[in-house]
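The next part holds the structures, each set out as structure tokens.
Same chain, two partners: subunit A is paired with subunit B first, then with subunit C.
This part shows the complex of A and B:
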């Protein structure tokens, strides 16, 4: 009996954080070293998150890895509870000319804006049911927004008989995540000069999390075009 | 006029353009034996993955006016199909690169075949 409870326990957790876990597998980013590096090939990537370390201990792989030399973690690779791979990815996308401090500030400021907007909504809501529906955590909003704006298909230009066909096909997780972030940022930058980035980005994220707005429409337009070109799908080869 | 031109421009019996005369002599342009290995051109996966799932998803999308929330089942089946395909492709590629020979296997990749052929070279 206890065995079943042991199995169900992590499962229930999985269901709760399913969307986050799905993304984490595609988000494992490691510090990029341009070749040639000072580290030989057998140096392993650091495992810095406590959850990953716990998994290693559970699988009895820690002893094997402990003997292998490991690269040092980058400054953003931390075991802090505030570390979030998606947020750090987003900051890198927002960053221009290596100005990470500004990028981080912008993202944090837009999180603050989201929080303010959602708290205002929370206090304006009259019934407890309405209040329960409002997501107050900006990171949850971000995850939801990205999940809603990730495309399922892509159009690939394939040349057949001198004509380039736009052929619909499946998209990898990594590319769809990239497109989602790119579209969100493009939608944000398409704004009046007087509106600041954090303000607009907060609105875009809230819209996408609500499954409305420019980015979701863009995704649906892509899906529409894929549907219109479905006759060409046979041209695809892998 | 036209007849004349045909008459004069037709290949003469000495020309290389004349019709061949039977029996045609045999010329050995290439050595009469097979190569030691096989090329890998035929091994490429030519199937387009997950066509069925994609068609089902498109049908659902059209019915729901591209609202993804109403087609969760179709979307997840499409994605699992693609993930499985990717894994299969990766595994095939890895095994192909290694050229591991599995005893009793019917369908061999070109790398496996080459390995096999190399271990039994033709006698000179």
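This part shows the complex of A and C:
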């Protein structure tokens, strides 16, 4: 069986290539397998959100992919109302040694802390305009914080004439997201031993959402460095 | 973003779900108000629950919500109706609240305490028995009892409780018409004469911490005598009563001997108080799984938690189950959380949370936290 799959594999790939390209553009979410899985690569990623399924039905694409084999969704890929791809990504970054339960707990606790801080601010604010300005949804805060801490450029070490230059260049969206989350977590872990992770993480997120704090400063430092090294930019292609 | 907030606001206010009742006095609550929240006065809250009584997680909520509210629920109403119909010449009736973890036993007790306070009872309230017998900080103050051979005193805990008692019964103690019936001699120089007001006895326990356990013992006796002679009616509330009956405490004497709860003087006093050999009183107890170590939390039913000994000790008692939220209570609670900005999101969230939390009040509160 596996032999046949092997032979068919490349063929099926070619056939599916076209449809897959279309699918890629419509689907933002897909399950990323870090290691080779038992699924041959013509298996499609599952579409588990109700909105996405509705979109498929709307575009009459359901019939086309109905017969295509699909990978099973992971346990965290749910159609629940409060599922959020960025949050589950963040949880995976917080996780250590596969202890996902703890990681999820920590992230949820920090969301709770954010909420408490923001609600308190909301009650303290005197005028309705001030109140309207306060973001109460912790997920919105997270999105804003990550948006604010994403770098736009990166420095690549490139060796020219025996000297390694830090060459500024464009950054992919995925890597900038990775860096933003990494920096947020590094800033959080740089804390007193007595302060707990959820507390500190809440403060870092709030700071970053407010466009202040350690992480935003780090991003600006990187941008400044890129600006300073612009003379080396041509090493990227020479 | 802003428009979405406005949309939610509009939806929130358009919902005609009532979740609040303006009736603040528990004695006026009736079946029509089940599932509705009533708010407690801040001063009263401080007076009744300053030294414990509301669970810690709930205290946190009251800070975030900027108010203290309690939900009117059936178990509390049932007990209140029973109390109203009680003949106070008969021995005190014992009610036992039981239920799952997080079902709201302590908050039901808080509601009943408010009722008792309004009705002018003398309140004897133990906020959480495990605090005495199971929670062992690094330096737990313990000493061998001077008066009872082979018993252990917890002087600091007893003094703290006396302070709590004093806070809750300010009105009664200030009036000074409660007199003690006999002379108590504490040491060569210290004694409390016969006919002294009850407040003096309490004050003595607070200032002379060494004797606080004996003072608690004396106080219990005096309260019984006062109630028997109809000078006051007494409301006894003990949260986590089953901890008194678990075979072992976590206390160790300096010689590393394990202490059984019967060997603690506070236990004997309050066990004495929960007997029904006195009249003109109400006794409300709770049996809580959290009061015993995790390996003995298999069931929340009274017979399991109280053991045979405890079950026989309080035998003619009225068991009252505190259950999970009903449909109506759940949605009222959800709209209350929405009003207090605690819960956000599309309306389908409620249905999902209802399923995920299985209508358990505490779990529901926890699950709303990160949303």
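The rule we apply is simple: the second predicted complex is superposed on the first by the 200 of 238 C-alpha atoms of A that agree within 3 Å, B and C clash if a C-alpha of one lies under 4 Å from a C-alpha of the other, contacts with A are read in each partner's own complex, and residues count from 1 in each chain.
Here is the rule we use: a contact is a pair of C-beta atoms (placed from the backbone, for glycine too) under 8 Å apart; a residue touches a chain by one contact, two chains touch by 3 or more.
Predicted, not measured: the structure shown is a model, and the values here were computed from it.
After superposition on subunit A, the partners subunit B and subunit C are seen to fit next to each other with no clash. When both complexes are overlaid on chain A, the residue A:186 reaches neither subunit B nor subunit C. In the superposed model, A:122 makes contact with subunit C only, not with subunit B.
Of the two partner chains placed around the shared chain by superposition, subunit B is the only one that A:223 touches, whereas subunit C remains out of contact. Applying the stated contact rule after C-alpha superposition, one finds that A:61 touches neither subunit B nor subunit C. Once the two complexes are laid over each other on the shared chain, residue contacts for A:211 go to subunit B alone; subunit C is not touched.
Contacts of A:169 after superposition: subunit B is touched, whereas subunit C is not reached.
Contacts of A:234 after superposition on the shared chain: subunit B is touched, whereas subunit C is not. Of all Cα pairs linking subunit B with subunit C in the superposition, the shortest spans 18 Å. Common to the subunit B and subunit C contact sets on subunit A is no residue at all. The residues of subunit A lying in touch with subunit C in their complex are 80-82, 107-109, 111-112, 115-116, 119-120, 122-123, 132, 135-138, 140.
Residue ranges on subunit C touching subunit A, taken from their complex, read 1-2, 5, 60, 64, 66, 340-342, 344-346, 348-349, 352, 369-371.
Listing the residues of subunit B that touch subunit A in their complex gives 44-51, 54-55, 57-58, 61-62, 66, 68-69, 75, 78-79, 82, 85-86, 89. Across the interface of their complex, subunit B is touched by residues 148, 152-153, 168-170, 172, 211, 220, 223-224, 226-227, 230, 233-238 of subunit A.
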